[in-house]
């Protein structure tokens, strides 16, 4: 997994890339999130278009990122959820937990509503 | 590649394991050799029984270990050269360079002669 | 043992998660050699990653003197994969349900559940030497 | 790009030798999936490791923003493998002979020579985008 980030209209967009399977970079996303929370940036979109697949470690990272942001008065949303990841969210009953959007633009705009 | 070592009758036996293809552990064998040279231990047998294969990086490590020992008044010999490695030594004309023995015992004994 | 060791259709690693990618590369390689379709390869790779994570962390407790091995075979239309560790074993029936309300937002506890969902057959066998989990997936 | 990326029968790595084992695991996996015999797998794996070493070190000069890709295909009775880097290229005819007396005890300079010895066909193509080396080995 590789992680890049950028900001658009005050919303942080995190772009993990590759597979999220655990191991050395399991904490990358969570660490990055805490950096942004420290800077009082708490509107976050995770763009999943570049993620081939994830396992339960990946789901765990999404969940803990979601709850961490929520507990700090922020919000985590998803964009570009691929079919493989959507089916994992469905079978684990996590789909209704996450707000998810077809495009990053839609996800970013949703924070204005 | 993993490297273990032991001593038998004043002879150091180095046992690399796995594949010798370069990368992070390319210098392991050479570093270990310098440790022994510093301790004035210069009779060395490299046991190749656990090496699946090596490439030119592996041959380069054997050569430089051989010349380093020779230049320090020591000697490097080989034991248990597998068929795959022998054919590499043959095509690169390195076979006559190395004294090689069928067993570690033979290699160790040869230092008494 | 240090780096991944391959013997035939089996790959072994020391018990460290840094080698997860090596197992994935080997398993995905073999499955592509078998011409398994991409979506099924992903399902199998996800399941193997779950079980290797468990074997490294829960089974061998990250003791890198202990080994995790994964072997793979094609049996007719089935892919059969065995994941072995040297741990104490566990009872898969005793695992709590990740779909229960109180577990839903936990960040762990979904591994075996996902493997069961993605694979056709999951068999966990505890022996005195460790745990052998066998997963089977039809590729037609 | 960070870790090895697999797309179909191709694996890509950043230009660092720490990923040599990942390429080896993937290539050995595919070849076992193709049911290639062990000795031939070793010859191919040795050759790929030589060319990936060169692409990382000489081609991409270990710039880990640059990528090395290896793709593999079975064409009839042949295995064809392409190793691509983003470097300046080189002229394989200009390489000095490692069997020459004055080169015999050098610790480098045997890579391409060994690949030529182990493979049936070796083709080096330099383009404006980098070097593509194609090796072919019959598996019957």
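Points worth noting:
Here the chain labels run A, B, C and D in written order, and each chain numbers its own residues starting at 1.
Everything below uses one rule, namely that contacts are C-beta pairs under 8 Å (C-beta built on N, C-alpha and C of every residue); 3 or more make two chains touch, one makes a residue touch a chain.
Bear in mind the structure is a predicted one, so any value in this text is a computation, not a measurement.
Removal of subunit D from consideration leaves all other chains as one piece through touching. Centroids of subunit A and subunit B (each the mean of its C-alpha atoms) stand 51 Å apart. Work out the mean CA point of subunit C and of subunit D, and you get 30 Å between them. Per-chain Cα centroids separate subunit A from subunit D by 37 Å.
Shared interface positions of subunit B, defined as residues touching 2 or more other chains, are 19, 52. Shown for subunit C are the residues that touch two or more other chains, namely 3, 6, 21. Chain contacts in this assembly follow no simple pattern; the graph is neither a line, a ring, a star nor complete.
Looking at which chains touch one another, you get A-C, A-D, B-C, B-D, C-D. On the subunit A side of its complex with subunit D, the touching residues are 1-2, 17-19, 25, 52.
Subunit C makes touch with subunit B in their complex at residues 1-3, 5-6.
Across the complex, subunit A is touched by residues 17-18, 20-21, 24, 39, 42, 45-46, 49-50, 53, 98-99, 104-111, 113-114, 117 of subunit C. Residues 3-4, 6, 8-9, 11, 21-23, 25-35, 38 of subunit D are the ones touching subunit C in the complex.
Touching subunit C in their complex are the following residues of subunit A: 19, 21-24, 26, 52-57, 59-61, 63-64, 67, 84, 88, 91-94, 97.
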